[in-house]
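Common to both upcoming complexes is chain A, partnered first by chain B, then by chain C.
So, the complex of A and B:
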């Protein structure tokens, strides 16, 4: 029993990484007043590019780097379209998700001749401790979350970012270039979304499949609300929802009833939905979240 | 409200951008874009029966997105609502093979899912984008669980037992009956939105939540009912696939998979207008019909067409070119007027 619990807790260190990266990125983006529904698409596109780079070079690290780059570019596009062009942020995000799915299938089709999945890819070597193994990316994700928390709560930059989301007119009056800052924040957070997607491919799963993200981008959006827009709480909530995924995986292995695997698969989504239903009502979003700020 | 011409131009720009993106994707993948588009066109002519079969569910998932959009809500759960609608229709057909009953129960199942998301939004502040996506995945796995474990066809284990013949809808004059049902749904939707108090409440809520509330409109009820209605159309979309098109489901739910998201594209292309939705849906289903030819002729998977839908949605999320240029045009006009004034 103790062994089972430890093993669950360890598997959760691996399953929570994409949730930590994506939700921390999105907390900061939403603090700046921009909502990114397209995280799922960011992760998919970064994932497929990471897969191609990993496949071509044999280096999962280069794949990770490429994924980060894809995330940055997508973030720049989403940020600029939202902040400068005053686009409908939710519609843009839906568009990116659908587009990314199509591109993922196209690349799979072209590179591996299979529209469903890629070949197995080289992965980042795990950290082994006493028979259990975890990923160095878990430590990296925690470091990123802590750094984001420090920036958001202890620096002027963090204050300026929050001001963009709470009261952009005052922020502008105090000399913050709101549109530019919003764009850059979305782009930098895009790096985290990109890393999240690439991690799935070059570490957690070890191949690219067309549905590899499986709603994780949206679970991250739920986590943002659960955390009440706090990066440390987002880290904690991500771990708990990672635990839900680990539990589903472990139960499948323990029960050994393949028939039940589909039902167990619903566990992380139910956990996210129930959690947000119970705790979401207390959360308070940034005042200008998703609203186009128009300079006077 | 934007003038119709401006909307039409916006949609055409979206379509042009999507075509350009497809051409770019084809050439990047090493295919000849001209040849690909020729195959697409050929497919539309050859597979016009597929086009007609696909247009019905697409119209209905467009409505699933459009109705809540009038209340200011984003129902991206058309996908999950279609899964449960398909399953419910299939289940009913085994017990009571009556197409009307199957469609009704399918619509009800989707409606319940939409209603749930609406209640969560209004009562608990759960954003509908998050809840509907969670529900999509929960629905996908649950439906697949039931399909695999309870409805499996012993002779063809990849599919379910078929809908018994008395439960099926066929064709009238070469047109699938479900197409008429989908078009009737559009007209009904238009009447509800523009001729009934509920529609007024829904549209007012979307136009200005606070103002509508102060005018005494029950905005919470309008939001919940818009999601319920959206869910009903989403569920109906799944039901018409099973009752009027495939007569079964496969273990990957591939006949339903993606139809919810394509519906969002068709809805946006039609600016959510229920009377324009049949046309935008026909366009996207023509693309699907062409896509089959592309798959046969060039080995390009049909899901690559999501690039087209995705670009359409993305571009329609952007402010229209005219809106971007408006301040510049006005400045230009003003400068011209000044110059003329100075000369006189």
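So, the complex of A and C:
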């Protein structure tokens, strides 16, 4: 029993990585007043590009880098369209999600001649501790979350970012370049979303499938609310939901009933729903979240 | 101390500002501002005072003309450049980030001036001590009353001593006691040689705080004169121009109405909002044909009292009787159908901004049970609208245009027209003239007086003391959730009112 629990806790270090990266990125984006419901699409597009690069070069690290680059570019687009062009952020996000799914399938067909999945790909070597395997990306994700927390709470940059989301008019009056800052924050957070998607491909799963993200982008959005826009709490919540995913996977293996597996797969989603229903009430979103900031 | 006849610290020359929609806000304004002088800019809404301030502050650009600061022509690209150059502005609606704590606001502002968080907070604490301000640095700004927020604004503006301080209608949201504190600060800065630009539409403030006063009307300077010598009548004439002011309604003889029973009776009412007991045992009566004024510093339970009477907030204890019926537990719509009407302090609440005048009237009639569905007789609604719009002189191009395009005064008149159309027996009106110019204020006052003479019972909740004293048959003062005094207006002295509002009596 103890062995099972330890093994679940260790598996959770691997399943929680994309949730940590995506939710920490989104906390910061939303603090700046921009909502990005296209995280799922960011992850999928970054994942497919990472797969192609990994496949072509044999280097999962280059794949990871390419995924980060895709996230940055998408973030720049989403940020500029939202902050500068005042586009509707929800519609934009939905658009990116739909587009990404289409591109994913097209690339799969083109490169691997299979609309469902790619060939197995080289993966990032795991870290082995006392017979258990985890990923260096888990440590990287924690470091990123801590760094984000430090920036948001201890630096004037963090204060400026929060001011954009709370009251862009006041921020502008103080000389904060609201639109530029919002765009850059969304782009940098896009790197994290891209890393999350690429990690799934070049590390966690080891291949690209068309539904590889499986709603993790949306779970990340739920975690943002759950964390009350706090990066440390987002880190903790991501790990707990990663644990729920690990548990679901293990139960399937233990019970060995394939019919149940789809149902068990919903465990993390149910956990997220329950948690957000119970704790989401107290959450306080940035006052200007998702509202286009239009100067006079 | 007025400055000697040396160079002005700040000057504007031939400023013209035409907004994109064609409004001419400034039409060739030239003014000088001296170090160590309080220069009052007096004018009605739309006179161009705020536009002038915002141009100096770099917030908007002039269409033509120039700003000269310290002898050089300047064109700030944004407020932060003005801030760095030593100019500060305190806005009418404060520019604090509401979701931030006071400390975060100070730190953010300080960072723009090159101060570290610790330096900024130290400076803020020192200033707060110097002026005797009690400021809760760890509280969230949106939780603080307006008076405290203003103190935060003041401290923020003075973190690094400015050379020019602009104040835009600084007394419109705060209590008489806060105004005293503000004036002390202004006088102290004047002694130190700061040039102060004080914007107001309140005639009485001119002589109290000003050294020189410039009267503006419709984007032009009408006159500049020594503030101490200008009389209130003289200033009012300059400010309003040739237009004739509507007569102020005379205070009706109270007592005539006193014989009949109360239309609205509140007994020992207690209201709790977010765990805080905001109303602590309030009792009052409003009789038909009477205006009962309720005043006090904002945040002393007036809002909660009103919302409980209307039925928006649940009652924790006590009883509310409307026209003889106990409505303590009745929902809002039942109260409206019984004959209650509500004029909220914010016109964003009273009118649906995106809907047109006809629809807004229909919604009011529907709420009061005067409009029966499911099919709307628009012809009847339009007839009512025309009748009351003419009676009250609402200026609107079309009954089909969203009401957000109407001026504040016309929106308020429209809201009052709707109340007339609904024919309620009890009206709860909150700050009915907030943000309106003098002429419209007087019209609104006459409408309220007319409603009273038609036998309506009116509960007038307002933080404008003059208004309450002028219109009410009786005046109640609220402090800390209690009514600390109810008397006839002439039985109060101003000093007594100040003490009662401040909780010192």
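In this section, the second predicted complex is superposed on the first by the 296 of 296 C-alpha atoms of A that agree within 3 Å, B and C clash if a C-alpha of one lies under 4 Å from a C-alpha of the other, contacts with A are read in each partner's own complex, and residues count from 1 in each chain.
In the analysis below, a contact is a pair of C-beta atoms (placed from the backbone, for glycine too) under 8 Å apart; a residue touches a chain by one contact, two chains touch by 3 or more.
Keep in mind the model is a prediction, meaning the values are calculated, not measured.
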{"item": "Partner chain(s) touched by A:37 [first = chain B, second = chain C, both, neither]", "value": "first"}
{"item": "Which superposed partner A:226 touches (first chain B, second chain C, both, neither)", "value": "neither"}
{"item": "Contacts of A:86 with chain B and chain C, given as first, second, both or neither", "value": "first"}
{"item": "Partner chain(s) touched by A:99 [first = chain B, second = chain C, both, neither]", "value": "first"}
{"item": "Partner chain(s) touched by A:170 [first = chain B, second = chain C, both, neither]", "value": "second"}
{"item": "Contacts of A:110 with chain B and chain C, given as first, second, both or neither", "value": "first"}
{"item": "Touching partner for A:266 - first (chain B), second (chain C), both, neither", "value": "first"}
{"item": "Touching partner for A:162 - first (chain B), second (chain C), both, neither", "value": "second"}
{"item": "When both partners are placed on the shared chain, which of chain B and chain C touches more of chain A", "value": "B"}
{"item": "Touched partner set for A:276, first chain B, second chain C, both or neither", "value": "first"}
{"item": "Chain A to chain B touching residues, read off their complex", "value": "37, 81, 85-92, 94-103, 105-110, 113, 115, 210, 214-215, 218-219, 221-222, 225, 259-260, 262-263, 265-266, 269-270, 272-273, 276-277, 280-281, 283"}
{"item": "Chain C to chain A touching residues, read off their complex", "value": "59-60, 78-81, 83, 95-100, 104, 107-109, 111-112, 117"}
{"item": "Complex interface listing, chain A residues touching chain C", "value": "156, 159-160, 162-163, 166-167, 169-175, 284, 286-287, 296"}
{"item": "Sites on chain B touched by chain A in the complex", "value": "21, 25, 29-30, 74, 76, 120, 124-127, 129-131, 133-138, 141-142, 144-145, 148-149, 261, 264-265, 268, 299-301, 303-319, 324"}
